[in-house]
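Naming follows writing order (A, B, C and D), and every chain is counted from residue 1.
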Amino acid sequence: MKEKVILAYSGGLDTTAMIPWLKENFDYDVICCCVNCGQGNELDGLDERAKLSGAAKLYIEDVTDEFCDDVIVPCVQAGAVYEHKYLLGTSMARPVIAKRLVEIARKEGATTICHGATGKGNDQIRFELAIKALAPDLKVIAPWRMTDVWTMQSREDEIEFCKKHGIDLPFDMSHSYSRDRNLWHISHEGLELEDPSNAPNYEHMLVLGVTPEKAPDEGEYVTMTFEEGVPKTINGKEMKVSDIIRELNALGGKHGIGIVDIVENRVVGMKSRGVYETPGGTILMEAHDQLEELCLDRETMETKKKLGSQLAQVVYEGKWFTPLSEALQAFVKSTQKYVTGEVKFKLYKGNIIKAGTTSPYSLYNESLASFTTGDMYDHNDASGFITLFGLPLKVRAMKLMEVEKNKK
Amino acid sequence: MKEKVILAYSGGLDTTAMIPWLKENFDYDVICCCVNCGQGNELDGLDERAKLSGAAKLYIEDVTDEFCDDVIVPCVQAGAVYEHKYLLGTSMARPVIAKRLVEIARKEGATTICHGATGKGNDQIRFELAIKALAPDLKVIAPWRMTDVWTMQSREDEIEFCKKHGIDLPFDMSHSYSRDRNLWHISHEGLELEDPSNAPNYEHMLVLGVTPEKAPDEGEYVTMTFEEGVPKTINGKEMKVSDIIRELNALGGKHGIGIVDIVENRVVGMKSRGVYETPGGTILMEAHDQLEELCLDRETMETKKKLGSQLAQVVYEGKWFTPLSEALQAFVKSTQKYVTGEVKFKLYKGNIIKAGTTSPYSLYNESLASFTTGDMYDHNDASGFITLFGLPLKVRAMKLMEVEKNKK
Amino acid sequence: MKEKVILAYSGGLDTTAMIPWLKENFDYDVICCCVNCGQGNELDGLDERAKLSGAAKLYIEDVTDEFCDDVIVPCVQAGAVYEHKYLLGTSMARPVIAKRLVEIARKEGATTICHGATGKGNDQIRFELAIKALAPDLKVIAPWRMTDVWTMQSREDEIEFCKKHGIDLPFDMSHSYSRDRNLWHISHEGLELEDPSNAPNYEHMLVLGVTPEKAPDEGEYVTMTFEEGVPKTINGKEMKVSDIIRELNALGGKHGIGIVDIVENRVVGMKSRGVYETPGGTILMEAHDQLEELCLDRETMETKKKLGSQLAQVVYEGKWFTPLSEALQAFVKSTQKYVTGEVKFKLYKGNIIKAGTTSPYSLYNESLASFTTGDMYDHNDASGFITLFGLPLKVRAMKLMEVEKNKK
Amino acid sequence: MKEKVILAYSGGLDTTAMIPWLKENFDYDVICCCVNCGQGNELDGLDERAKLSGAAKLYIEDVTDEFCDDVIVPCVQAGAVYEHKYLLGTSMARPVIAKRLVEIARKEGATTICHGATGKGNDQIRFELAIKALAPDLKVIAPWRMTDVWTMQSREDEIEFCKKHGIDLPFDMSHSYSRDRNLWHISHEGLELEDPSNAPNYEHMLVLGVTPEKAPDEGEYVTMTFEEGVPKTINGKEMKVSDIIRELNALGGKHGIGIVDIVENRVVGMKSRGVYETPGGTILMEAHDQLEELCLDRETMETKKKLGSQLAQVVYEGKWFTPLSEALQAFVKSTQKYVTGEVKFKLYKGNIIKAGTTSPYSLYNESLASFTTGDMYDHNDASGFITLFGLPLKVRAMKLMEVEKNKK
């Protein structure tokens, strides 16, 4: 019996060409697996296409809810944003996909997983670290790094290779951005973006929404509620998290929200430039943050911000399935116990404008915040506070004066 | 001869009433000092007003350039933003003002400094910590905390007190927001903002600009250059930093930039809610950040972000004149050596939209970033990298599998 | 009916004098509560003494096991050491004591808690913050800060005051160190320690053990096991945590372990100098650390070290009952899942000398660590790793060379 | 003309064999360079040996003072200790050596540098990252990673290879620890250390000193002074830094100081186990720390400790010549301005026992630290401080009580 390989399959030219290539070069039974994280692509005809290309089997797996509940929600609660700008759309999906590939591999008794990520990107790392963590005995094949065996250099080469193996399918030949899409975002790289001195050509690029300039002249108010840090309702309607993100994507896309243009630092050591559209994700992150302003105390928030940045790095670097990731999530989860309440905001041409927040656990105390004296705060207390708070400065300044005086 | 007190004087009702109050209760010679950080208020007639109120002398000191060059620039370079949102407008000005008050006190041989900050706010701390650090021997009088001696409870009381002391001046009686303004920003507290469930009443509030909704329908492109992290030109025109901020304030105010509505955590332990307008500052911060994306490596940037947040706290807490503040600034300064280049962006209805960045020291390398293989990067290298990068995960996963197997 | 006050009672002169003082000045019913954290003092006759002094009731509460299991163990797991030196003996006990005082207050319907901590130390903060967090409605009386009502200035004054109130008890009049003791440690302050240029007078000071010089000339081997980060056995004997600490105290004290002499920074803004004896605690911390070296991966350990230092600050500052403390503990707990194994070490004249460590979850892999090539590591992989790991440095160096060249 | 290669040469078997190997396989002119960091090895006859082996030239370069002044001192000031235990002896020397190799390469017009570090260790990374940063155009040859060309598997193979090339030298054949030595330390790996369950065989291992058990029964007092964080004198005798370290090595070695046995995490992803002797370094670090306790305020110290750990990682990972390293050093340098004073301590059988510290800039204030009330501190101030310091806890507790009450 032949060894089996699980191929992470999208139906596109690259991964389709890998089917005959894997059979020819390694004599594998090729089991395709298309993992759906809400990318919204056409799955019709995928089965036929995989079989026609020589696959022994095709799995189509929908992990969108797992993606939302197990990865997105903890990251939103953590405020995990890579380099303060990138909302981790691709990074968060990779471990979920890898986990499913491993599950299929175990079910099928496969020995190997093959993925189509390139040798310069972050995704190869994310796939492979997740596989190492979940199934260290599995082999991994990354054709793009095997430059001696995978000899195709262009889409033309790949199409010819496919034809030679009896695969005559209509592949898109247009030269476009390199993209990755899922429920949370779409990323764009390449073309004019490769030169950071160019402005992005948003007209041709955007997929999930419009620019602020094209957004409606009328803003739109939105109300959301959260319970223990988990989004529960939009405008009074209760929904599961994936549907909340879908709804926010529609709203955010319409109002030009969540388009970022960044030069980021990849794990593999170089800077790259991309544009990300994360319409719903941007709103969700800000709405959650708006509520936390009321519900978290200063020191918890401050530490959570640091650890949220660290979790962002962990996720970006493909280290979701690690003890550090688990421990950071445990920290964050502990902080969310009282992040319950309602936030209101207005979407308008790229802006998310706060319009009021309430929470039963609000730590804001109007009588304390106002100018007047109440029974919890005596203005005189501030004198004692300042004396002690400033004591180290005063001791030091006196010492320096004394040294200065002694010199004379 | 009487003891002298230096009074931080604004010309408003509160600090005017303090003149006779200081004389009456402590028998001081009162020397008023109005320190201008670019607040743009009316200084005409101030001298007359101070004298009429019984002041022995009035200093009008312009420290705007010192404010910009010595405090704002280091903070912009650090990316110092308190709780990720507040650009520290008031916090940065306080040490500059305190320093000048101390200088005047030394020049005049005064023993005491008096300020009009309240007993619930951060400013009392900022003034007094700066004074402790610079002149630990000086006494401080904070009338608002001396509730047994400073018995006035309302503006009416203060006006009556002034009249009784022969000061009959036209004071504004309107009930408005509590505000602080300087070249960098204006803050608004009070009124409807005291309840976080209310949206801000921007119509009545904004001073430095308009809301995004009121901004022009046409965006506007701006080009800026920096040298070693210091802003040098706008749209090709070289200016000193204070003029750059003035110019950016005009641009930002026009396009609805830099309005934030936040619930923040004060040093004195309570949450407060305010709206800040920082039109030029917001642009300056983002423009600098846009350039750093190209010029700083990942690890330097990451550490600088952490220390920038820490410097923000240091500034917020009034600890500008401390060894920690100096050391953090030394770190930041060291990172700015190659932050030189040009950034272009578009201002449009509250948005700052990047439109291209260049730098002679850009660490972005197009041949590395693109898909193709160059001589600096062999796709095969990635395999070795991943093996080592993922080694700890693999070792751990193998160990857990082994333990699991041994259990059976 | 009179209001009731719960007095944190030790049986010493200070807190005994507070009984009549509280009755006389505030007309309270005084309920004494002596909370035992393993301080090993004489509890015999305490009841009599309290009653004789006018107390309405005396509670003697042993919280030693709660102290060990709920506070010490999490802190050991966190590696929580204040300023890298102080093992938090007093700091960890305070919240446990305060919690019990609050429980008694609730049971008795008391309105107030009174403690004998001074106005310059950290303990007042620890007691009062814990009480605020657990019972914000309770009043607190701290006699030492009430300098207008608590007018006694010396032990003589207190004894006289007691006599005047019919309390004629034999109080120790010797002028000694100011000390705090519990199961975990004893601290010494005062006398020659007040001048940091003096060496400590260990001869007169030490209580729990001897100096290294006085320790036996023969070392002693000890073996300990841990399960999920919790100490389980010593030399093969299973014990509860408090007994493990007792046993380690005997061993450590005998061999001169765990004596530190430090100048530390108090919360209230000044430096203080103290000597701490923590014989068993020092061993327990190091033994746990010795095991973690094998069981934790690099990044988890590194982050835990940072957060452990932060937890140390949280504990030192009296913020045990806060969301941040809970979240930090959640992080730490998550890391301990595989901290299981055996450590061996030798105690010899102040030294803890490692003598071998084993764990079923050891991440140390002999074939990887050794010089030889195995199947998990190809020396060639290192080349790829270094190329990518060093890529940012190389890109930068090339860019600087290029700029330099262009200048010429 | 042939290309030139600079070979990092020790005179040992490995690097001697590399001379003919480089000539034979790459047709290089081989220029040997032995860089002395105080390793104390025999340099006599080295020139002869290199020439006999076919080297075109031999440089013997002493960089000990540069090592001390430029790298060790900043690291001591930073308190840079990797994983809180390893004093970075090897790590700190590598960039100094690499820098000198690059300088010789430039002087000689060489195109390549060859080093003898293995493919599993950290040193290959440290050498190569330093070279990339200083001379990105130079090639690097690491024979141990070239398993197809460098085919020798054992010392026997190497000796035979040498003999075949006419090199007949007496090489040490004893199977011993793998060691690295310089002025700061000596490391030991291999043999029984490869199994972490074994205690180290100190009898056969130690080079720079003795175990605590073998140390004299009499302790020895030492006095040191520092100026701005730089060590200046020992026992009253002024010396340059390298001589201070030599002197401390003698003292520390005699008294059994600075022997650590650790399992550490290498950059290349695995754990390794080693024993380090750092007698003088351990004393120097502690002495500096003892002084800083007096001279640094709490917040500066705390931040420095974090950044010191980060610098330790930077150094460990071979990133000395990076912007982050420079910026961290700038921070540290800024903190050292007032680290001036005298420390006294006693060395006794592995212990460094503090015996008094003084500094003109001491921030310890005896009148503040003592129990008595002085003019800088009113016990009442503490009440105000605690009210504000504990305000967030109280507000939160009240809110939770209120929510609880509303539920009923």
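Just so we're on the same page, a contact is a pair of C-beta atoms (placed from the backbone, for glycine too) under 8 Å apart; a residue touches a chain by one contact, two chains touch by 3 or more.
Given the structure is predicted, the values throughout are model-derived calculations rather than measurements.
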Self-check item: Comparison of C-D and B-C (more C-beta pairs in contact)
Solution: C-D
Quiz item: What's the rotation, in steps of 5°, that superposes subunit A's Cα atoms on subunit D?
Solution: 180
Quiz item: Per the centroid of Cα atoms for each chain, what is the distance between subunit B and subunit C, given in Å?
Solution: 39
Quiz item: How many angstrom between the C-alpha centroids of subunit D and subunit C?
Solution: 31
Quiz prompt | subunit D: positions in contact with at least two other chains | solution = 265, 268, 270, 297-299, 319, 322-323, 362-363, 365, 368, 377, 380-383, 385, 388-392, 394-396
Self-check item: subunit D residues touching subunit C - in the complex, by the definition given at the top
Solution: 83-84, 118-120, 124-125, 128-129, 132-137, 142, 144-145, 147, 178, 190, 194-199, 212-213, 219, 261-265, 267-268, 270-273, 293-294, 297-298, 301-302, 305-306, 309, 313, 319, 321-323, 344, 348-351, 353-358, 362-366, 368-371, 373, 377, 379-383, 385-386, 389-390, 393-394, 396-398, 401
Practice problem: Could you pull out which subunit A residues touch subunit C in their complex? | Solution: 265, 268-270, 296-297, 299-300, 303-304, 307, 310, 319, 322-324, 326-335, 337-338, 388-392, 395
Quiz item: What does subunit A use to touch subunit D in their complex?
Solution: 297-299, 360-363, 365, 368, 376-378, 380-385, 387-389, 391-392, 394-396, 399-400, 403, 406
